[in-house]
Amino acid sequence: MEIRPILSAMWRNRTGSILVAIQVALTLAIVTNCMFMAKSRIDFIARPSGMDVENIITVQSLGFGLAYEHGPTIVEDLRLLRAIPGVVSASSVNSIPMSGSGSATGFRAGLEEDAPRETANYYVLDEHAVETLGVNMIEGRPFHDYEILDAGSSNGDMTEQVIITQAYAEKLFGDESAIGQRVYDGLGESGEVVGVVEHMFGAWVSWSGLSQVLWFPRRPTGPAVRYLVRAEPGQLDSLMPVIEKTLADSNRNRLVRNVRSMQDAIAGSYAGDRAIAVVLFVAVVMLFVITGLGIVGLASFAVRQRTKQIGTRRAIGARKRDIIRYFLTENWLMTTIGLTIGTFLTIGLNYFLAAQFSIERLDITYLVGGVFALWVLGFLAVAEPARRASKISPAIATRTV
Amino acid sequence: MLEMKDISRVYRTDLVETHALRSLSLTVDAGEFVAVTGPSGSGKTTFLNIAGLLESATSGEYFLDGEDVSKLGDNRRSMIRNEKIGFIFQSFNLIPDLNIFDNVDVPLRYRGFNASERQDRIESALQQVGLASRMKHLPSQMSGGQQQRAAIARALAGGPVFLLADEPTGNLDSLMARQVMDLLEEINQAGTTIVMVTHDPELARRAHRNVQLLDGQLANPAPFPQSGAADSAAAQPVA
Amino acid sequence: MFAYNLRMARLSLMKQPLLTTLMIAAIGVGVGACMTVLTLFFTMSSDPIPEKSDRLFAVRLDSWSPDEPFDGDLPTQAPWQLTHTDAMALLESPVPTRHAAMRKAVYTAVPDNVDLAPFLTVSRMTSGDFFEMFSVPFLYGGGWDERADENAENVVVLSRETNDNLFGGENSVGREARFGDETFRVVGVLDTWDLPILYYDVNNGATNDVEHVFMPFKITDVREIDGSGNTSCWKDEQIETYFDLLQSECVYVQFWAELETPAQRAEYQSWLDQYTNDQKTLGRFERPTNNLLSDVNEWLQIRQVVDDSILVVVSIGILFLVACLSNTVGLILARFVAKAPVIGLRRALGANKATIFRQHLVEVGLVGFAGGLFGLLLAYLGLMGVRSLIRDFTDLAQLSIPMVVLTILVAIVSALIAGLYPTWRVCQLAPANYLKTQ
């Protein structure tokens, strides 16, 4: 099949060809950038949290009234929770990791001026925390039950023992083992690192120090307390009403609220990212459909315009598949011209977005994927009009009207 | 009525110049029925387009109804087409989406007549061509002869100073063709000037006067053509 | 002639339903997507209180650490909130017409009716001026007076929803309501008050809802009630007791002032500078003097309430519309070129270029209108989708009447733009070429 006559036919009908090319170019630019941005959001959401998020239930208890006793309530609540069949483990905590609310402060590796100082999310937890969160302890030990202090005036006060994440240990102590080292707060109080957790996320998912976490062995400051309850796999939904009822019945001087899966509790943290990923993905799908239908429309029009010409070609010996091939080739050429322009447009758009809104530089595989997807789309879109063209009767050629 | 002086029309492309009309001079008086004949490529279509103000001559003067129309702008030319010329085409050129009433209505709309005036004119024009009962039909629901009569009604409705007919029976069988020609004669007898372009000597004979074109010039202006002379030009039967 | 053109357009569009549907779909999808994101964008960036946004000022003093700015990325900014000490001092200023200190707290509401379960309420602890300043709509009663502020009286203003929950929607002014351990006298009930952006406190979730109850600020101090908003501290100081927190350099109080004239604003600015200079002699405010007054719109901009993600999506939405329009141009061109013989005929019958142009613009406009209606439906569905994805956006993702009108207008204008070139092309057709044969 000769390309040259097709090119000259396209040149004579250049408006239509240019329109297809522009459309393909814009579609490539938008689709590629959208997919890339959507994927980076999805990657962001999918980062491993280090915790067994799927099997954890969170509960909030808020004491009120003069009859409320904070300390005994927590002890009794935890006893009740751990006794419920299907519950693997439970711990009190001051706030839910990854929920967007939590506390952070700076700690130092020593009292010297030049000792490394780094900020960490801190949590007050108890001796069941490792099992409850489902984190992997790579060095040292969990807290002992006798180390758990009663609630103090502030959740952030230093304790004798602390547990930290590996990411935080590396920031403070470098390659040295953290076990036995001391961590100092701003007032110079210090605690000994008794355990190192391989990985867990802190409070704010967009924060760069998200993996820097420190645990104190203490009960949370009242009158609010939260519980993390780890359920056996598959038991989560059936346990939630049991937990709510058990706690609500046991003590009427407090509100039991937000009994929900940890996934629900932290959903808000990623809601914006998830929404944007969904919006971008929907945009991609719609644009594909619209562009595909547009090509179908223009190709059908081209076929109808050239009915006579096609009939003549058939009359002088073109086979059906020659006609089909003609249209496929013509469309492929237009699409490819569009994709060439679109490649520049894609990179340009990415530069613009990167400059304006701190979007990462485009991963070139997305561009390659977009080009292939649009080639396929163009092929599919033109297939039916081309097939219809091949059905045009050669007898058309001899008709004058 | 219609007066052309030294009309020439040259089509230029990058490579060739084609002289479609060369110094054509022609006068048509009010009430005449003139047939313009000639073989393919003789310039009939160009003559028709220029006479109908669909295109301009390269040089020469053209007076229509006493007005010099050879150097007018598009708007004024559109207006003259609308008011003074009635077109009749070989392929009828009715708008397929519109019924007969609406088809006849098209030029009247551009004229800016009010609704009742349009209604009167449409009805009387359709009456004249014998289609008063078919007003709500679509073109596709009618025979070729009826369609051409509807087209004639459309040409008449605006009260033109002359009708410009292009092979008006070219797409019709002989019976319908005769009916259409009878209708045109009738219209002519009622006072409307008709200029008809055709290659059919049979048709041409029904006109008062024949003008023969050859290579863009008037050939041998005779009041009536010799049948032999016409044969050489218009030998193709209508398909 | 317009009615005639409209009828011609309808006939012509119905002639080729597939192509027409495609055009309407292309415009509809483009406009629908674009308007979905623009609605979010406009609602987020619109002035929440246009009648006095230039007279309300967020007040900030740079009380932060001498070693580093509050926000390393925005070194010229002061902390977003004030220390308790400074907020109380500013309330003594005679300069502003009105001013309010505020913070957030959580209370358990205990209904009188023992059958009803206690429920959690979020309370805005603030000054009596708050209601006047922010043009808060009242259903019953009103705010509290200065004496209630001074004496930390147990008075409360209920949101409409809280009043419904506690009193079944009756006029509860003068009645008593129990929050936590205490009894409060109801002085006012708000009418419905939806703020898409909680502009007076963007520190604690800009898209949060308006609080359930409002109480005098000093109650938290007297009763030692923990706030529930963000607290930021920089100084290493022992905070054992509630009193320690009040005395600390931790910032957790939002502060707004109403200043009616530039002169008043300048006077207040120098009052603030005087205040911080005085404090410097006490060893506080070690950073260069940086006391900032930002009006409502400046404040929302500084706090980047419209964040980058929204702007990215808006850019994509606009490009998306352009892509859909280029699609539409092709389709319109295709159908108009197919109509060339009829256009040639109309020209022969006396239509001038302008007439043909108008006729086809009407046709394109009609496509735009239909596309606009379709786009409206899509925008409605799109916003519903956004609401289901982000719960906080419920007040944001609402179609308003202006947006409905704008959607239709954008669709029609888009269609006209997309149709301009094809229509112009149609007018250039030489009439004679299409009359001979079909």
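In order of appearance the chains are A, B and C, and numbering begins at 1 in each one.
Please note the rule applied: contacts are C-beta pairs under 8 Å (C-beta built on N, C-alpha and C of every residue); 3 or more make two chains touch, one makes a residue touch a chain.
As the structure is a computational prediction, the values presented were derived from the model and not from experiment.
Asks: Where the centre means the average of the CA atoms, what chain is farthest from subunit A?
Replies: Most remote chain from subunit A, centroid-wise, comes out as B.
Asks: Which one chain sits nearest the middle, judging by mean Cα positions?
Replies: Chain C is the most central one.
Asks: Let me have the rounded angstrom distance from the C-alpha centre of subunit B over to the C-alpha centre of subunit C, please.
Replies: 67
Asks: With chain centres taken as the means of their Cα atoms, state the distance from subunit A to subunit B in Å.
Replies: Centre separation, subunit A to subunit B: 73 Å.
Asks: Could you give the separation in Å between the centres of subunit A and subunit C, each centre being the mean of its C-alpha atoms?
Replies: Here subunit A and subunit C have centroids separated by 26 Å.
Asks: Would you give the residues of subunit A that are in contact with at least 2 other chains, written as numbers and ranges?
Replies: 400-401
Asks: What positions in subunit B touch 2 or more of the other chains?
Replies: 91
Asks: Any chance you could list the residues of subunit C touching two or more other chains?
Replies: As it turns out, subunit C has residues touching two or more other chains at 437-438.
Asks: Could you list, by residue number, the parts of subunit C that touch subunit A in their complex?
Replies: Residues of subunit C touching subunit A: 18-19, 22, 25-26, 29-30, 33, 37, 106, 108, 110, 118-120, 180-181, 233, 235-241, 308-309, 311-313, 315-317, 319-320, 322-324, 326-327, 329-331, 333-335, 337-338, 385-386, 389-392, 425, 437-438.
Asks: Quick one: which bits of subunit C touch subunit B in the complex? Just the residue numbers, please.
Replies: By the definition above, subunit C touches subunit B via 1, 4, 11-12, 15, 341-342, 345-355, 430-432, 435-438.
Asks: State the interface residues of subunit A toward subunit C in the complex, per the touch definition above.
Replies: Within the complex, subunit A contacts subunit C at residues 15-16, 19-20, 22-23, 26-27, 29-30, 33-34, 37, 62, 64-66, 105, 153-154, 185-187, 224, 255, 257, 268, 271-272, 274-276, 278-280, 282-283, 286-287, 289-291, 293-294, 296-298, 301, 304-305, 349, 352-353, 356-359, 400-401.
Asks: Any idea which subunit B residues touch subunit C in the complex?
Replies: 45, 49, 52, 54-55, 74-75, 78-79, 81-83, 87, 89-91, 93, 95, 97-98, 106-107, 109-111, 154, 158, 166
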